[in-house]
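So, here come the structures, one by one.
In the two complexes below, subunit A is the common chain; its partner is subunit B in one and subunit C in the other.
Moving on, here comes the complex of A and B:
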């Protein structure tokens, strides 16, 4: 079988397609959060939120508080949050180690239900009140019930259409991100930076909880019960078949273990999972193809091997091998290749990117555009680093650092410039 | 296009290989010689779910279709809608040309579709009556039923 002469451009095509399939939901999540923030932030006062009460810092009180007070308050709040996240992640590792999978899964289902029903209901209610939309209580509660029950089923329980599953994951990300934007300003920024650093530490340090979790999952060949967005696998190019990983365990883990602070009581931790890459035996190929959010192992399997070494597979093997080497695994923190070759991104990454952009939206749309571009650039860089290093890398740090940096630069420098130009009618 | 067909066929074979159906299907394919519509021809194999090769196999489809149909009765018409969406290829294929397995899935999906339509009609008529009729029709009860008043009264919107 002759090698397809346009296999080279199609490599780029499929790579681009895969990146699009991950960037699109991240962008959709950010867009929805920005929309929510811009419609609702005018109507809620920052002090009335439960989040503000839990993390009250001097910035929410008089503006006469000094910079130092605000900063120290914010740092303290974020430290508390990081500490609770670390504890919860270690707890998760312990439970996973003790094989309490059923408990973990039902807990995750419960927490998604709480997020969808209560937080989702809250936000819907705020929207209804804001627009004074005359919907009656019966319809509202019926719709909310449907929405949340089907959401829990889609995310955790049954096999559902992939689009429904992906849609609900994005919605959960939007809801949690919106809730985080209700925190006071300094706290949000401190929290973002702290989470990025925590992510870096937790994934790369040998004692980090996320790394432990991933290694445990890999060694047991199990799946971690968590909320992970999995993109649809891209169809392999004709003649190229699937990417195969033979006996290779590469892990891409993504960061983003978020646990809502336990002090709030009604919120339960939502943990994301990093994606792992692992090789699977050929018998599991059909599992891999289902592309579910909880695959047995994320590995691309040798289809050729499962087909019993037909002549086609022999011919294909060298093609695949070269692809394997040239493509890298595309595991980015949070992004990894699923067993079907799909990319996975943990929900925590969605959430924190959207929090950054949502917070930028509270200032002005100019910062939104700048931060969005910075985050997407950071995502691309992380992908590149992942392909280069081929091991688990955290997805948050690069994007968050770039985003925060760009936000402050825009506020301080760009805004003045653009406003001056616009008011003097100087366009460029 | 043919590459894609081959790819599908391969995927299907792999997929079916796992569920143990491959031998029968291949035998039927080679024995039937392509007769009988798309059923016996592996390159145009029809998947019961909208996800295609990534979705469910046919046995699982029957189980899932039934489960979604039954759970929909718990005041969950959205589940019926999801059922119809999920098994759209089953709904869309004509009974004569579809594989035999579809005929087991089809009754559940059809009934879910009917249930969802009925429910949607009822709900939308209620919503429209409520919206358009407003206070003229209902009197002061309208003010009690409308969501934003209820939220204010019960303080529901305050805890975020």
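Moving on, here comes the complex of A and C:
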């Protein structure tokens, strides 16, 4: 077969790599949550969609009153949740302003430990019960303790291999998201929409807490004490920038820390091929388009999710006072069109995307696929907007709105259509 | 019937797609993005179709002409979506070429363009398989199976898996044919894609007759083979022409 000369690597080889590096862990997190939900949930029977097609059931209109009750109850609980999250975020901003970083960091280490040990332990227990896995209590607790301690170290120490760090961040996201899916249905949807709106307000409004936090961090050149997932920096082209890679590597393994802007300033003799859409090599490179000072592109915010003592009961009633929420903005240091930035996404985004998909999994798998595609599309749109606007942007609103919209469309329109065609063996 | 059977049905429907993905597409991130966006395109077109047809469903089983209308409108709509997809791709290609010039890398090769077309087609086929077959497969992981009245020879899941396999092949390779046809401006290539798609879809109407699936499903696989053969011939011709042109330069 005729082949084009492969000596010069084609453009397609590395285009869009950063985007895939952030889409892959988001997809992995969603997949794990869907698997957990489908194995551990016993509420919906698997035949719901086929059975619904077999006999055409008119939608019940008698429960109109209870729908309104459910709706108002859900709205109320999500409002309370949002209010507590706002308060806690302002508290975080205050603490950060007063430079209590050590307290914040140790608090986050403590809460990751609690998430991994207690939430993770409960889920593992549920799995062991479900699969009748033979394991004794002592082994189990020993393994769990080790797992949690390594997790805390992986997330907060800089010397860990980056895959371990990324893996543990995804696991923390999965655990918290699974517990959120246990909320009642209307509450979950109301909560998702409310969080998306809150994220929009908190990041873009001038008085929003997240914006304040970001500006504080930028003006002080410090890291935000946060849990953030960072995609691995892209390997340079052969022969081009080894030095850059080493600097990036140090920066990259600073888990949870947004590396100092100045460390990236050494990207000096930028080869002309580099199209610096958003890289922060502003200091020395003269042909980059972003001559501005780095800070605007460095925005990642997420606060640590903490689970209070009696985690499960607190999660059921959304009055989770001690819950700090992690929401984040997608940040991009150079859109994935060939520059070498690493994209960072707050852990809260992982969590809420997975909550949406997990809740869709409780209905049927068709909604899962549709919502997955909608969320990925929303994430792509957010990244594009980021490359365009070059400032802190909330990653939740677009994806969540698209996801919720597609969920309802699928449930109302698509499912009947597809089931009708498929059971008659008609396809196109 | 048990997880093994369920997994088997999944692999029947998606096996070739999965091997194409792992061997060709997973290596280049841009192709993964193309796949995801074409899957999204197909989903959006399906949602629009279901929105249009929702008022007329469910159709009584004795009548068959609404199904003809349904199939024809759906195929027509999807073909127009393909043209829209092509236009979007054209603009993207120009942007990519401009970017390549700026980064002083070679422009898109012919194989690159074909790979993008392949990824786009695979996205369509994957979306088809996922929504028409996989999303209904959840009961297959349980302890029992399900038969449809019209085709009581083999389980429903197996029929839908085989049909999805046929359609995956048809969607994937007809996108390659279509893109090449639009790029070269050859009317025969451009025309054959909607024709093949409609014939394949109309052939599934044969399944409406009791016992018709014995005829309909093999015919569908035959159409898939025809698409494959046509695509192979076209690609071979194009690549040898290209290589000859390069050697002459």
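Going forward, the second predicted complex is superposed on the first by the 285 of 428 C-alpha atoms of A that agree within 3 Å, B and C clash if a C-alpha of one lies under 4 Å from a C-alpha of the other, contacts with A are read in each partner's own complex, and residues count from 1 in each chain.
Here is the rule we use: a residue touches a chain if its C-beta (ideal position, glycine included) is under 8 Å from a C-beta of that chain, and two chains touch if they have at least 3 such contacts.
Just so it is clear, the structure is predicted and the values come from calculations on it, not from any experiment.
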Exercise for the section: Could you tell me if A:90 is touching subunit B, subunit C, both of them or neither one (first, second, both, neither)? Expected result: neither
Exercise for the section: Classify the contacts of A:107 with the two partner chains as first (subunit B alone), second (subunit C alone), both, or neither. Expected result: neither
Exercise for the section: Could you say whether A:363 touches subunit B, subunit C, both of them, or neither, answering first, second, both or neither? Expected result: neither
Exercise for the section: Figure out whether A:232 sits in contact with subunit B (first) or subunit C (second), or with both, or with neither. Expected result: first
Exercise for the section: Look at A:128 in the shared chain and tell me whether it touches subunit B only, subunit C only, both, or neither; answer first, second, both or neither. Expected result: first
Exercise for the section: Go through the superposed model and pick first if A:139 touches only subunit B, second if only subunit C, both, or neither. Expected result: first
Practice task
Return first, second, both or neither, reflecting whether A:160 touches subunit B, subunit C, both chains, or no partner chain.
Solution key: first
Practice task
Check subunit A for residues that touch subunit B in one structure and subunit C in the other, and list them.
Solution key: 4, 49-50
Handout entry: Of all residues in subunit B, those that touch subunit A in their complex
Key = 2-4, 6-7, 10-11, 13-15, 17-19, 49-51, 53-57, 60, 64, 67, 75-79, 82, 85-86, 123, 126-127, 130-131, 134, 145-148, 150-152, 156-160
Practice task
Quick one: which bits of subunit C touch subunit A in the complex? Just the residue numbers, please.
Solution key: 27-33, 36-37, 39-40, 43, 46-47, 49-51, 53-54, 57-59, 61, 67, 70-71, 74-75, 78, 96, 99-100, 102-112, 115-116, 128, 130-139, 141-142, 146, 148, 150-151, 156, 159-160, 163-164, 167, 197, 200-201, 204-205, 207-208, 213, 216, 236, 239-240, 242-243
Problem - Residues on subunit A engaged by subunit C in the complex (per definition of touch) - result: 1-4, 8-17, 19-20, 23, 46-47, 49-50, 53, 56, 272-275, 336-338, 364-366, 369-370, 373-374, 376-377, 380, 406, 409-410, 412-414, 416-428
Exercise for the section: Within their complex, state which residues of subunit A touch subunit B. Expected result: 4, 44, 48-51, 119, 122-123, 125-126, 128-129, 132-140, 142, 145-147, 149-150, 153-154, 158-162, 164, 179, 182, 232-233, 235-239, 241, 283-287, 289-291, 303, 306-307, 340
